[in-house]
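Take a look at the structure set out below.
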Amino acid sequence: MKAAIFIPCLTEHMYPGSGLSMVKVLRRAGVEVEYVDDQTCCGQPAFNAGYRREIIPIAERLIRLFRGKEYVIAPSGSCTAMVRVFYKELDLDGALKDDLDELCSRIFEFCEFMVDVAKVDSLGGRFPHKVTYHDSCHLSRELGVVAQPRKLISGIADIDFVEMNDSDACCGFGGMFSAKFGALSTEMVARKCANILDSGAEYVIGADAGCLMNIGGYLRKNKMTPQTMHITDLLAASLDL
Amino acid sequence: MMADTDRDDMLADIRSSLEIASDIPYAIGGEDQPLEGYLAAELFDDHDAMRTRFAEELANVSADFDVLSDQAAAAKWAGEVLTVDGFNTLVVAEEGLCLDIAKAIRADRPELEIVVAGDLEGPERQARLAQPTAALVEVDYALADIGSLVVLRDKTASMLPHFLPESVMVIVRPDQLLANQFELIKVLPQDAGRNMVFITGPSRTADVEKVLILGAHGPRRVSVGMLESAD
Amino acid sequence: MREAVSNAAVTSKASRDEQAARIPYWDLVRRKVRSVKTDVLEHLDEYLVEFEANCQANGIKVHWARDAASAREIVGGIARDCGAKTVVKSKSLTTEEIGLNDYLAANGVDPVETDLGEYIVQLLGQIPSHLVAPALHLSRRDIGRLFADKLGEAYTEDPGELTEIARVHLREKFLTAEMGISGANFGIAGSGCICVVENECNARLTISLPKVHVAVMGIEKLIPDIAALPYFLKLLPVSATGQRASSYVNIIGGPGRDGAGEGPEEVHVVLLDNGRSKILADAQLRETLMCMRCGACLNTCPVYREIGGHAYGWVYMGPIGSALIPQYLGEKEGCCAPSLSSLCGACREICPLEINIPRHLLKLRNKVVLAKQSGLFERIGIKLWAFAAARPRLYRFVTWFPGKLQMLLPGKRAFPAPGYMGRRAIGRFDSKGFARRFRAMERNKNDG
């Protein structure tokens, strides 16, 4: 299997480690990884703020960039959803519409790729710690990816996986929502962090950098013990990669 | 006339809106399994099973349920409810069964004032029934799956005894019990379904701090007595 | 207030979940109900004509109101014709949408809300804060003080006693009002009748005690026939309040019979458009017309739980409110409503009609932008960003700066970003970024 990796802007600029972890884990799973240069962004922050015409060039670029790739994998539910669910709302150039349809059948979020396509539940790693999992909104609701991350986590030896209350409640990130409605967003992440604390977990695992940045930002500022960890980093750590 | 113009304009607007094809899915969620299978599975094995469920559901909505062996037992039952509630007046719906039971109650409890709703004229009936009283009424159907009572307005002389009094005692015949609303729709007489009410338990509100209070503007207490045989 | 709203929303959602779980084929009923509504909307003109004909055959007078003013005048006219001085009202958001109460009061008719929550909110001169529980934002103390002040009753904060006070005051009104005004949950086209669902029995009394009954109903509320009704009733009470069934389902198909001395002498239905046919014109947004006002989306929305209903500023609030406000009030007045959401999708998950609210909010945000109602700085910022993001070399150049600038910040601090300056910090920029690190990793791999 050969896959091109799609690196979200938050991963590129703030959390490149998760991207590197994903590459290492995919290689361990026997996937040949290709990184296409000149990736920028899927355009979601602007789209969510209501700007469509402005991101058409970005979307068209992305579709062209990944033309002809066997698989495209992103370590992000929201970016994958942007392409698979929301790109069709854009007024794209006619020829590219077919390319988009085609891309939609080949683009996957990392966990759903591992479990559903690569058919890998467990890579045999070990992580002797207590962890919980946060369901990001686009990943769980738009893409329906709920079981796959849990399979991957449970497939790690010696891991103590506990579910937190309201694991699928929104953490309050919502992209620019967190900036526009800071106080409201902070209340939402406060609730999420309270649930994380209640679970007793040392780490909260997630599949979206935005959620983890938001949750981590609150945990750290308020000197709470649990740490955030992207699921790619968890798998890489469990394998000592 | 202004109203006619509005009608024409509205219909024209709607028609032109509908010339634009929909960009929404026809249906989502669930698979294309027939619902009928599930609904059929919810029917009851026999009348006893239906009656048991009916009793459970009534309890769930804070209504009382008793089985009454005959009219004499019904009269005794009604008398007990009246004593517990402390009412001295009983309003009776005009239907035959209620009148018969009322006669029996009168014999047992001569001190009770019994008012037949149909004996009073409209405004007087309203005023009288608006006072705190108890009532003895019948219904047309009962639905087991959620503990509902069905009243067909065009088959009843007066609906006020079902809604204005504080405490309402309902006599149900066993042949009136159906499984659910789907079954009801199947057996409703032509046109009778245009004016009816489904009653499920006493009136209630939770508008004050979400605290459930029984007895908002209608009855606070609903007691259902089901006869053992259709008599 | 926030505590009250939040707790109530959480409890309501929990009850709803419990009851929905009892119906293993819940999603199939949703699918059925959704397909019924899709069919109704796509043939709305035909169903309306059928509804009108059948209502008229039942002796119900049908009126058509293009907009709020037209509807108010129709109701006002009926009130005038029957000499109404007092009107009792059961809960009807549609009548609040058209501002009926103020209009009636200005024309010498006293409109008295009879739903307990609406009655309380009316006495306070406020608007409701929830679709289904209007006085959710008030405590028993607030209500106790209100009744003591406005009704001259002895102070009590016991919910049972407060309900009793309202019962006594309002029963008097039921008996003397000349007219009753209600909304309608459903209009049944095939039978020519309307359906009003409630718990308090106030709607029952509103529509049967006064001599005249007027129901104001949005044109989108139709269902094809009575056989469809049980499907809707399986979903509505569970979604709204976590009840298996509402206490009363009133089906009204005509005035009272002669000789029974009961029931209204006249029944009127006012079919209200007020922008609905315009919403219908949008191929996607017409889905929002399917809403049956159950309020489940409010109870599950993390934003609604925090900010409550009044923050939306209109009679429809919560997720569906965010979608309806700009459609009814326009992109200028309604510019903020669609943004009051993190687009989490919990509303869509719980909606009995599967309305894809996040999708609609995204479209409405776009409409706000197209109508030039978004902030100027935001527009400029986004355009500059989008220009760069389509040009990788320029993008790399532009995004190089934050990482470098960040080094000027003391310690391991992150930038002070809007929304991230209080109890939360934004993430730190990495000094190299993924592309460089990946290339380094590949080089090491090849060398090593």
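Here the chain labels run A, B and C in written order, and each chain numbers its own residues starting at 1.
Following the convention adopted for this analysis, a residue touches a chain if its C-beta (ideal position, glycine included) is under 8 Å from a C-beta of that chain, and two chains touch if they have at least 3 such contacts.
Fair warning: this is a prediction, and the values are worked out from it, not measured in the lab.
The chain with its Cα centre farthest from the Cα centre of subunit A is B.
Comparing chain C-alpha centroids with the centroid of the full set of protein C-alpha atoms picks out C as the closest.
Across all inter-chain contacts, the pair with the most C-beta pairs is B-C. In this assembly, the C-alpha centroid of subunit A lies 53 Å from the C-alpha centroid of subunit B. The geometric centre of subunit B is 29 Å away from that of subunit C, both derived from CA atoms. With centres defined as mean CA coordinates, subunit C is found 32 Å away from subunit A.
Contact residues of subunit A toward subunit C in the complex are 7, 10-16, 19-20, 23, 35, 37-41, 43, 46-52, 54-55, 57-58, 61, 86, 89, 137-138, 141-142, 168-170, 172-174, 177-191, 213-214, 216-218, 220-222.
The residues of subunit C lying in touch with subunit B in their complex are 4, 7-8, 11-12, 24-25, 27-32, 34-35, 38, 41-45, 48-49, 58, 63-66, 70, 73-74, 114-117, 120, 133-136, 139-140, 143, 159-160, 162-164, 166-167, 170-171, 174-175, 191-193, 199-202, 204-205, 208-209, 219, 226-227, 229-230, 233, 241, 244-254, 256-257, 260-263, 271, 273, 277-278, 280-284, 286-287, 354, 356.
Residues 302-303, 306-307, 338-346, 348-349, 359, 362-369, 374, 378, 382-383, 385-386, 388-390, 392-393, 395, 399, 402-403, 414, 417-430, 432-435, 437-438, 441 of subunit C are the ones touching subunit A in the complex.
For subunit B in complex with subunit C, the residues that touch the partner chain are 2-3, 6-7, 9-11, 13-18, 20-24, 26-31, 33, 35, 38, 57, 60-61, 121-122, 125-127, 130, 146-148, 153-154, 157-160, 163-164, 180-182, 184-185, 188, 193-211, 213, 215-219.
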